[in-house]
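Each of the two complexes below includes chain A, the first together with chain B, the second together with chain C.
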Partner chain A sequence: MRNKRYMAKVAAFCFILPALLVAVLLLLYPVLSSIFYSLTSKHLIKADYDFVGLKNYIDVLSDPSFWKSFWINIKWTVVSLVGQILVGFTAALALERIKHCKSFFRTVLIIPWAFPTIVIALSWKWILNGVSGFLPNFLVSIGLFEKAPQFLSSGELVFPTLVFINIWFGAPLIMVNVLSALQTVPKDQYEAAQIDGASPLQSFIHITVPHIRMVVGLLVVLRTIWIFNSFDIIYLITGGGPAELTQTVPIYAYNVGWGLKMLGRSSAVTVLLLVFLLIVCFMYFKLLDKWEKEGTA
Partner chain B sequence: MKRMKKYLSILLATLMALGLLTGCGPANETTSTPPDDSSAAPATEPGSETTELEGEITFWHSFTQGPRLETIQAAADQFMADNPGVKINIETFSWADFYTKWTTGLASGNVPDMSSALPTQVVEMIDADAILPLDDLIDRIGRDKFYEKALVEMTAEDGHCYGVTLYSNTEAMWYRKDLMEKYDLEIPETWDELYECAKIITEGENGEVYGAAFPMGANDMLATRWLHLYVRSAGETLITEDGKANLTSPTAIDGINYWVKVYQDCSPADSINYNTLDEATMYYQGKLAFDFNTGFHISGVQENSPDLMEYIDCAPIPRVNEGDPAVGCETNNTPLVIWKNSEHPEICEAFIEYFYEPERYVDFLLSVPVGMMPAIQGVTDNEKYQSNEIVQQFQHADEVLNQMLPGSTAIGMEYGPRPEAGLLTSQHVIEEMFQDIILNGTPVEEAAKAAEDELNDLFETVG
Partner chain C sequence: MKRRRLLRRGWFGSTVSYIYLAVLAVIAAFPLVWILLSSVKSKGEITSDPTAFFPKEFTLDHFKTVFGQLGFGQNIVNSILVAGATTLVAITIAALGAYGVVRFFPRFGKTLTRVLVTTYMFPPILLAVPYSIIMGKIGLMNNRVGLVIVYLSFSVPYAIWLLVGFFQTVPLDIEEAARVDGANKLQVFYMVALPIVAPGIVAVAIYTFINAWNEFLYSLILMNSSEKMTVAVALKSLEGQEVLDWNVMMAASAVVVIPSVIFFMLIQKKIAGGLAAGSVK
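After this line comes the complex of A and B, so read on.
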């Protein structure tokens, strides 16, 4: 009996081994090489390089442009995440209530998530173009503005505009996941609460939230990493400008690695980002662990 | 089970975070040793009639538009028909993709046998010891036929020339004849006159057409180009002879002030983010009265707004003072290079020589008439070239462009090829300087000094 169990475990391990090997090789090699090159003077196109110790880290951490990008990145992540959760959550709750055409609305609302980023970026760039863009000219034509608002070139508007696009783009994913989680909440608990005289808000706080918070928590972890690392949408719409107002750390790392060709320094930036994100993930998981314990208690 | 799920979640999140680093690993560590000089030399004499060529080569180029691509493919097909032992694989990339491909491919030896390149890239390729000298090939085609400046740009400190110019294009001032007529304006000859004309048109057209659009997108180099035009028209350069950035000379400061004024009074606000395509699209759509570009503007307008063809023309780059001589400011010489990793440099040389024969070369130039200016002199005297409809329609533009050609170079290459020139145009320091002045209100002198210092720091990384 024991032997059988052992063999079953070995067989299971054999089945997952290929996938595990691929994951380890695909991730471990670049990670280790990035850590290694962050300690060297590696240049993108030159073969020779020297070991420079922590010089790249010191250079990066003493560069004001890095810190500026880091704070923009934090703002970008927090505001986008909160916005995506609020919009996604609200949309999911609304969809949960809808009786007719639910799948139609669900499909319509998922559209932003279904398009490739480049299509979304170029479409928004076209819609917001300060001369011929639809939106600025529409706002002028209905009398809201005297002059076409410069969504992508005004120092005040460019960051909120990008965040808005990111919320529009990311909220559907939250919506779909929260909607799935909502469908797992036992309906009899709502009925019991209603009999006990609980208000809709009380039902939401004491029944809905505890049931879906693990799902939302994991979504927050995933979205934090994705939003923090997002590069394409910002790069394609503003390139990090104007005047570095939308330059996040991934764009900074790209400019250092591919613009200046200082691959060593660029690797140091990404290693620092990794450390930061691991700390954030650790904190999130501590919180999730606490919730889980509360749930089982 | 729950604990297991939690650990799995942690593992997945960690793997995702680790994924961050995957973009920064080098493409491949294995560096192929470049062949030494003796092995790099052509194995056979390409000009020799008796030598039979045999082998396969890969040719990367960035001529993505249909007609250019077709003429190159046709030449390659004919060359393969004439040399049955030869196979030429042509791969086409945009300039941006090409740069990524060769910079990442160099470390792993994944570069082509021959390719097109930009002048600043040639300097980087020479610096990385990646390409072969082509002096023998140039001598066989006829060194005297090439414009001297074009060859100087491809000549390294060792005295060897590493690129054969395929074509040139020179910057000129493009304008709309109908708008000049509508507002009864003379073609501007000085920068001040240009500003006045642009302002009148901008005010008169009330947002339908702008006088100019000063482009400052930080993912392009147009603000550097426009400042360079101003500075060069006064006989100065953005990189001094001793390789230092020059943004704080009185002329450079005047130039910065000038373009800020043009932006504020004559440009759409959005042009703070414009790149080459945005700027050109504005002109093609008929929304710009003045623009700076090469003869490629003709094919752009023809493709996008054929109705505008009769209204466009170009004039020499304005000057700082009335009466100053009209000088050429910027010419881009696009060369072909042969990579050191090539196993068949003799086939590459033979194909290039074959391509420069008038019947093929003229066809290539006519794939973008007036846009691509010949790299070798005398070839446009050809009847086929002269009878082309676009060449005839834009005879004046052709004359202006040819007038601008002698003496002008790529930006920053006025004193010969240097890696600093690549940094000047690729790091977008000047674009960010302008954005800083306009958006943050930083005083011009202060922003110029900061940008100059930043550029000089960057220059030290390649000095």
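After this line comes the complex of A and C, so read on.
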């Protein structure tokens, strides 16, 4: 009998074993080895390296370029996130409101979400191309600009342009998730509020928001992290330029690791990035627990 | 009061909504439309008249260049192989894992969700350094199998997260009935639970496939010979040429983006239901 129960436990464990192996070999071990390499002088090509203690961290933290990337990273995350939520949310509310062509709009609006990053980069680079791109020439032809604006190479325009593309890409995801969260709000509450004379804004704040808060909260955190970490979209469109104006921390880490070939120092940058994100995530879990308690109380 | 009601229920609010959505739709669809139009215009046309919409002469030459001269066919095969193998392995591991957690370790569930959220915080660039070192050591650099292994790192946690939700909907009594009839755990899993969540599995599988198809960073770092590159990296390498041929780049982009757009439209409703869609991209 005891033997049988033991066998059942082993069988149950076998189900989750492959997943655990993935977690340990592909996530835990690489993270630990990153921490290890961050304490060494590991080079991209040379085989031997030395243990250098905290030198990499000191070098990184005293590099003004790192701090500049950090602030660009924060700015990039906040502006993109606010933009994506604003557009995604308003689009979802507008879709809720209309009667005709709902599924047509919904289908067209999710197109950007399906774009591979490299195609996002190539298509926008082509549309914004300073010589034969559609948009600069169009803006000149309708008289808004005298000379074709250089969206991706002018120091003033490059950051807003990049943020615009990121909003273009990310808003559909917010829209779709907000739409499905809105389905969970009981409709009769709106009617009751309307009878009581509540304005649309009031019913939005007092009925809609509390109902979708958890779902949207999780969404916002995941998006924040994802935008903060985003590498491809920046690397492929501007490569961090011109003059490091769009260089975020992941791009900085890549340039240190693969440009300067200093993998050890690059690891130090990514470990710092992880620590920062762990702190953000920890604070979020605290908030989530608080909301859960409020919900049950 | 009257005006307020008009805004709420009346034509005004919906007219504004229609106009707003129409503007957004144009912005959302424009790059796709422009890729397609640029890919069939002639070489002189895209530079001489940048704002002209429809092609004056229609040509498929650029697609011929993409598949002939550039050998893009091989890159597409690579991407299908890598994304297909990733999907197959990841879904198998994730389905077993998600079912195991739901059935046998339910208390572990909340911790698991948090661990999975935490793995999303790993910046891909953090894992890129150790992956390139490890793959070099075990001889899987520039190797499609190596790339599949690396892709499991993001596809397995994501698939588990989505599938846990689906397996929670499987009623326990059906499974118990099967147990009474003498089926063992594995049989109950694939003969009872799996068919019930099959539609969910298909959606997650397609999503996993698209994510692997679109992946760029690991492929950039691990694959360096053009005949082994995935389409994403092969597309990037077109940009490295001295004279940029936008016609050809748009034709190649069209080849890459169209399957992705079609698949997305097919599964979007299913994926969105689980919210978790918000997780990765």
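Just so we're on the same page, the second predicted complex is superposed on the first by the 283 of 297 C-alpha atoms of A that agree within 3 Å, B and C clash if a C-alpha of one lies under 4 Å from a C-alpha of the other, contacts with A are read in each partner's own complex, and residues count from 1 in each chain.
What we mean here is this: a contact is a pair of C-beta atoms (placed from the backbone, for glycine too) under 8 Å apart; a residue touches a chain by one contact, two chains touch by 3 or more.
Here the structure is a predicted model, which means the values were calculated and not measured.
Legend: residue contacts after superposition of the two complexes on their common chain; A:V22 is shown touching chain C, with no touch to chain B. By the touch criterion stated above, A:L260 is placed in contact with chain B alone, chain C being left untouched. When the shared chain is aligned, chain B and chain C each come close enough to touch A:L273.
By the touch criterion stated above, A:A243 is placed in contact with chain B alone, chain C being left untouched.
Touch criterion not met for A:P186: it reaches neither chain B nor chain C. Once the two complexes are overlaid on the shared chain, A:L173 sits against chain C while remaining clear of chain B. Look at A:G53: by the touch rule set out above, it reaches neither chain B nor chain C. Touch counts on chain A: comparing chain C and chain B, the chain ahead is C.
In the superposition on chain A, contact is made by A:L152 with chain B only, not with chain C. By the touch criterion defined above, A:P112 reaches chain C but does not reach chain B.
In the superposition on chain A, chain A positions 23, 26-27, 29-31, 33-34, 37, 42, 129, 131-132, 218, 221-222, 225-226, 229, 235, 253, 257-258, 263, 266-267, 270-271, 273-274, 277-278, 281, 285 are in contact with chain B in one complex as well as with chain C in the other. Those residues of chain C whose C-beta lies close enough to touch chain A in the complex are 4, 7-8, 13-14, 16-18, 20-21, 24-25, 27-32, 34-35, 38, 46-47, 50-51, 92-94, 96-97, 99-101, 103-105, 114-115, 117-131, 133-134, 149-150, 152-153, 156-157, 160, 184-186, 189, 210, 213-214, 216-217, 221, 231-233, 235-236, 239, 246, 249-250, 253, 256-257, 260-261, 263-265, 268, 272-273, 275, 277-281. Interface residues of chain A facing chain B in the complex, by the touch rule stated above, are 23, 26-27, 29-31, 33-35, 37, 42, 44-47, 129-132, 148, 150, 152-155, 218, 221-222, 225-226, 229, 235, 238-245, 253, 257-263, 266-267, 269-271, 273-274, 277-278, 281, 284-285, 288-289, 292, 296.
Chain A contributes residues 8, 11-13, 15-16, 18-20, 22-23, 26-27, 29-31, 33-34, 37, 42, 87, 90-91, 94-95, 97-99, 105, 107-120, 122-124, 126-127, 129, 131-134, 137-138, 141, 168, 172-174, 176-177, 179-181, 194, 199-200, 215, 218-219, 221-223, 225-226, 228-229, 231-232, 235-236, 250, 253-254, 257-258, 263, 266-267, 270-271, 273-274, 277-278, 280-281, 285 to its touches with chain C in the complex.
By the touch criterion given at the top, residues 2, 6, 9-10, 13-26, 29, 31, 100, 103-104, 106-107, 124, 127-128, 130, 207, 210, 216-219, 268-273, 275, 282, 285, 287, 426-428, 431-432, 435-436, 438-440, 458, 461 of chain B touch chain A in their complex.
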